[in-house]
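Each of the two complexes below includes chain A, the first together with chain B, the second together with chain C.
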Partner chain A sequence: MSEKEQDESTAARVSDPAEVARMAREALRSAARGLAAYHFDACVRCGLCGESCHIYKTDPVPENLPGAKAAKVASFFRRYHTALGRIAPFLVGARALTPAALDELVEAAYGRCTACGRCGLNCSVGTDVGAIMRAGRNVLAAAGKVPPNLQAVVDNQLETGNQMAIPPEELRDTAAWISDDLRLEMGDDDAKVHVDEPGKRVVYLVNPREVKFFPLSLMAAAGVFHAAGERWTMSSRFYDVTNYGLYSGDDPAAAAITKQAVEEAERLGADEIVLSECGHGFRSFRWEGPNWLGEKYAVPMRSVLELLLEYVREGRIRVDPAKNPARVTLHDPCNLVRWGGIVEPQREILRRVTSDFVEMVPNREQNFCCGGGGGMLSMSEYGDRRVASGEVKAEQIRATGAKIVAAPCHNCADQLLDLNKKYRLGVEIKAVVELVYEALVL
Partner chain B sequence: MLVIERIVAAASLAWAAALLLAQLLTAWGGGRKDYSVRAGSPGRAVLFNLTAAMAPAHKEAARLHPGKFAVGVALHVGVAVAVVEALVAMVKPEAAPLWPAAAGTLAALSVAAGLYLLVRRAVSRTLRAMSCPDDYVAAAVTSGFILAAALYGFGVLATSPFLIFTAVTFFYLPLGKLRHALFCPVSRVDLGRRLGYRGTYPTLRGTKS
Partner chain C sequence: MTEHKIQVGDADVEFDQDGFMLEPGLWNDAVARAIGREEDIDEMSEDHWSIVNFIREYWKEHDLAPPVRLICQQCEVSVRQIYKLFTAGPARGACRVAGLPKPDGCV
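And then the complex of A and B:
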C-alpha cells in the first residue's frame, strides 16, 4: 500500500467534527454521482419489501424494513442534493450529517442490513437498496465510523496482507504439512501445495480461514489441481481472496487490498488469477476491483468454480458421483451469485460429482442471504441478530432434507456452521471443491 | 381561449421536464466507465428488468401483496389517463374531454386507490415510521389531480380549474417523491444493466423455483 493510499484510507479517522462532516459530505457527493445516484429518488416508501429481507422476516419491526433503512441514507442525500431538502428539510425528511445522525446510521447500515441486495430485485419500483446502503457505508467509512471489529480486519489486510494477520512463515508451514497429508492420501509424491513458485499458469487466492482453521478445502483444491495436471502456486505474502473494504465501505482501502494481490500475481508471472470459494472476495476482485483501481487488470481472473467446471467438462479430472451418495443442497452466496453472476457452474459441478442434489427454494439470484454477509461475522455486537436472521436460511436447508450443504463461500460457511448448531440442522457444511475432491477417480 | 391557464400549465410542464432532466444529468455525472470484463448481456437484462421482472412471478412485492399491487396499478393507470387528459386540454381546450366515460371512470377508480394508499400510510405503524410529510403531500397532490381529471371527464369540472390542478401537479413533480416517475424506470435500467453486465440477468426463473 502506497503512502498516498494509506493516507486516503485512514485520513477519515480524525477527531475534528468539522473535518468528519466534510469528509462524510464528500463521500455522499461521490455516491450521489455514483452507483446509488439513480436509486435515492426511486423508493416510494410503499413498504412492500419486508418479506424480501431476511432481517425483517425474522424481526418485523419498522426499522428493519428495507425501504426504511434506505430512507435513512437517502435523508442525507435529500438534505444536500435536492432543492426542497435545502429549503424545507422537514417536508422531505432530509437530515444533516451530524455526529448523532451518523451514529444512528451505523446501526442501520452495518447492523440491520447485509447489503445482500435481495430486496432490490423484488422492490415495487426497482430500487437497489443494497447500493444505497453501501453508499451509507461509504459515508460512514469516510467519517471514521466503521465498527471497530470490522475496521480491525481491514487494518489487518492493509498491514499484513491478510485478514487474519497470518505471517508468511505460518502459511509455508501449513502448506508443508497439508502437502504431507495430501501425498499420503493421493499416494503420489508429487502432490503438494505450491508456494511462491514463479512462472506458474495459475496464482490461487484463498480465504485465510482455509489456512488457519479449515485446511481441508485448501487440501482438496491442491488435490484437484494436481489431478488435473494444473501448474499453480500461491503467494506466501498476498494470497487473501477476501476484501473487507467492500464491507466497511472504504473504497481507497478496498483498492489497496485489491492492488497488492493483483500486483503479486503479476510479479509471479501468472497467466491467470483463480479465486477460491468466497462470495464477497469474488465480487470484490472480479467486478469492483478494476473500478476501485480505475483500470483493467493485466492478468485475467476467474472463480475456481469456473475452472473446476472446465476440468470436469474437458475430462482433465475423472469423477464418480457415487462417491458422494448423501443428499446435497447448495447455498447461493449473494455476492457470488446475485452480484457475481456465477450462477450455473456450481450446479453443473454438483450434478456431476454428487448423486442426490436438490435445490433450496428460492435459489440462484433470488436466494436469501444466510445472515452472515456484509461483514456481520466480524461485528460481534450484532451476533445475536445475525444468528436470528439466519433462521430463514436454516428453514430453507431443513426443507430440502439434505445431509450436506455445499457452500461456495467460506464466510457463509462460518455462518452456516452457527446455524447448524443453533437450529439443529444436522448437516455437514462443505466447499464445492471438497465434494469434487471426494469424487475424484484417481 | 383560456390563454393564461394554458400558459401556466405549459410553463409548469416545462419546469418539471427541465428539473427532472437536470436531476438525471447530475445523477449520471458523466457516466461511469466499467473497467471489469463483461460476462453477460446488459441490453437483454435491461429489457428483462423493464418487463418480465416486474411481473408477480419475479417480484415478491407484487406476488405477496396482490391487492396492494392492483391498487398501485389502478392509481398509475389513473395518473396516465389524467396526464393525457391534461395534455389534450392544454393543446385543445375547446375539445370535449377525451373518452369522457372511460376516462372519468378510470380516474375515479384511481382516486379511490390514491385515497386508500393515503389512509393506509396514515394508519400503518410501519409505513408511518418511514414516511415524511412529502409522502402525504405527494399522495394528496396526485389524488387531487386524478379527482380533477375524473370530474373533468364526467363533465362536472370546467377546463380552467382542471388546468390549474395540472399546473400544481407538474410544479410539484420534480420536487418531492413524485420524481420517482422518472427515477423508477431509470433505476430499473441501471440495476438491469449491472446485473446483465455480470451475467446474472436475464433469468426465466421466478421466486418460487
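And then the complex of A and C:
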C-alpha cells in the first residue's frame, strides 16, 4: 500500500469534530456523484419496500422499512446539495451531519440493513435503496464510525493481506496438509494445492475462512482443477477474495485491498484471476474494483462457477450426477446474483452434478438475503437480529425438502449453518465446488 | 430478544449475541459441557475434549484461534471428522465450546 492510500484509509480516525464533519460531507458529495441525485429524492413513501425486506418482514417496525432507512441518508444529501435544504432545512426534512445524526445512522446503515438490494429491485419508482445505504456507509466510514468488529477485519486485510491475519507460512503448511488428504482421496500422487508458482494460467483467490476453518472447499477446488488439467496457483501472501471495505464503506481501503491482490496476480504472471465462491468478494473484485482504482485491470477475472461450467460443458472433467443422489437446493447470495449477475452457471452445474436439484422460491435476482450479508456476521451486537431475520430464508429452505443447501458464498454459508441450528432444518451446507468434486469420475 | 445466559452450578455465564462467552476467564469443564449441549453434543467424547483443550491452550498462548490444520494434526482427527464432531465447524462450534471470543472475519 502506498503512503497516500494509507493516509486516506486511516484519515477517518481523527478526533476533531469539525474535521470529521468535513470528511463526512466530502464522502457524501463523492457518493452522490456516483449515484444520480434522483435516487435521493425519488421516494414516494408507498411502503412497498417493506415486504421485499427480510429484516422488515421478520420485525415490521417503522425503523426497519427500507424507505425509512434510506430517508436518513437522503436527509443529509438534501441539507448540503439542494437549494431549499441549504436555506430552510426544517422545511424539507434536511439534517446536518452532526455527531448525534451520524450515530443514529450507524444503527440504520449497519444494524438494520444488509445492503442486499432487494428493496431497490422492487421499488415502485426504481430507487436504488441498496446504493443509497452504501452511500450512508461511505459517510460513516469517512467519519470514523464503522463498528469496531467490522473495522478490525478491514484492518487485518490492510495490515496482513488477509481478513484473518493468517501468516504466509500457515497458508503453505495448510496447503501441504490438504494436499496429503487430496492425494489419498483421489488416489493420485500429483494432486495438490499449488502455492507461489509463477507462470501458471490461473491465480486462484479464496476466502481465508477456507484456509483457517473450512478447507474442504479449497481441497475440492484443487481436486477439480487437477482433474481438469488446469495450470493454477495461489499466492501465499495475497490470496484473499474478500473485501471488507465494501461492507464498511471505506472506498480507499477497498481500493488498497483490491490492488494488493491484482498486483500479486500480475507479478505471478497469471492469464486470469479466478474468484472462489464468495458473494461480496466477487462483486468487489469483478465490478467495483476498477471504479475504486480508477483504472482497468491488466489481468481479467471471473468466478470459479464460470470456470467450472466451462469444464463440464467442454468435457474437461467427467461427472456423474448419481454420485450426489440427495435433494439439493441452491441459495442465491445477493452480492453474487442480484448485484453480481452470476445467475445461471451455478444452476447448470448443479443440474449436471446432482440428481435431485430443486429451486427455492423466490429465486435468482428475487432471492431473499440470508440475513448474514453486509458484514452482519462480524458484528455480534446485531447477532439476534441477524438470526431472526434469517427466518425468511430458513422457511424457504424447509419448503424445498432439501438435504443439502448449495451456497456459493462462504459468508452466507456461516449464516446458513446458524439458521440450520436455530430453525432445526437438518441440512448440510456445501459449496458448489464440493458437489462437483464429489461427482467427479476419475 | 433471546436471553444470552446459562446457569452453570451457582454461576450465571453470559454470552454475546453470537453465543461466544463475554468473560472467557469464567470457562471451565462444566461450562464447556453446557455450551456443548447447545451444539447438540449430548456427551463430550475424548475427541471433543482433546480438541477443546488444545484450542483453549493455543488461544491462551497466542490470543488467536488455532487454524483447523493444527487442531486436526495435534488432536489426530481427520479434516472430515471435525465437522462431524462439531457440526457448526471449528469456529462457531469448537471455539465456542472452548470459551473463546468470536474469531474475526467471515465466520
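Keep in mind that, in the parts below, the second predicted complex is superposed on the first by the 441 of 442 C-alpha atoms of A that agree within 3 Å, B and C clash if a C-alpha of one lies under 4 Å from a C-alpha of the other, contacts with A are read in each partner's own complex, and residues count from 1 in each chain.
Quick note on the criterion: a contact is a pair of C-beta atoms (placed from the backbone, for glycine too) under 8 Å apart; a residue touches a chain by one contact, two chains touch by 3 or more.
All of these numbers come straight from a predicted model, not from anything done at the bench.
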Touching partner for A:52 - first (chain B), second (chain C), both, neither: first
Which of chain B and chain C A:127 touches, first, second, both or neither: first
Partner chain in contact with A:215 - chain B first, chain C second, else both or neither: second
Dominant contact partner of chain A by residue count, chain C or chain B: B
First, second, both or neither for A:90, with chain B first and chain C second: first
Chain B versus chain C as contact partner of A:294, first or second or both or neither: first
Contacts of A:173 with chain B and chain C, given as first, second, both or neither: second
Chain B versus chain C as contact partner of A:343, first or second or both or neither: first
Partner chain in contact with A:37 - chain B first, chain C second, else both or neither: first
On chain A, positions contacted by chain B and by chain C: none
In the complex with chain B, residue positions of chain A that touch it: 32-35, 37-52, 60, 62-63, 65, 67-68, 71, 81-84, 90-93, 120-128, 286-291, 293-296, 300, 337-341, 343, 359, 361-366
Chain B residues touching chain A - in the complex, by the definition given at the top: 19, 23, 26-30, 32, 34-37, 39-40, 49, 53-54, 58-62, 64-65, 68-69, 72, 124-127, 129-135, 137, 175-177, 179-180, 182-184, 186-191, 194-195, 198-201, 203, 205-209
Interfacial residue positions of chain C with respect to chain A in the complex: 1-2, 16-20, 39-40, 64-65, 67-69, 72-73, 78-80, 83, 87-92, 102-107
Complex interface listing, chain A residues touching chain C: 149, 152-153, 156, 163-166, 170, 173-174, 177-178, 181, 207-209, 211-216, 219, 242, 377-378, 380-384, 386, 410-411, 414, 417-418, 421
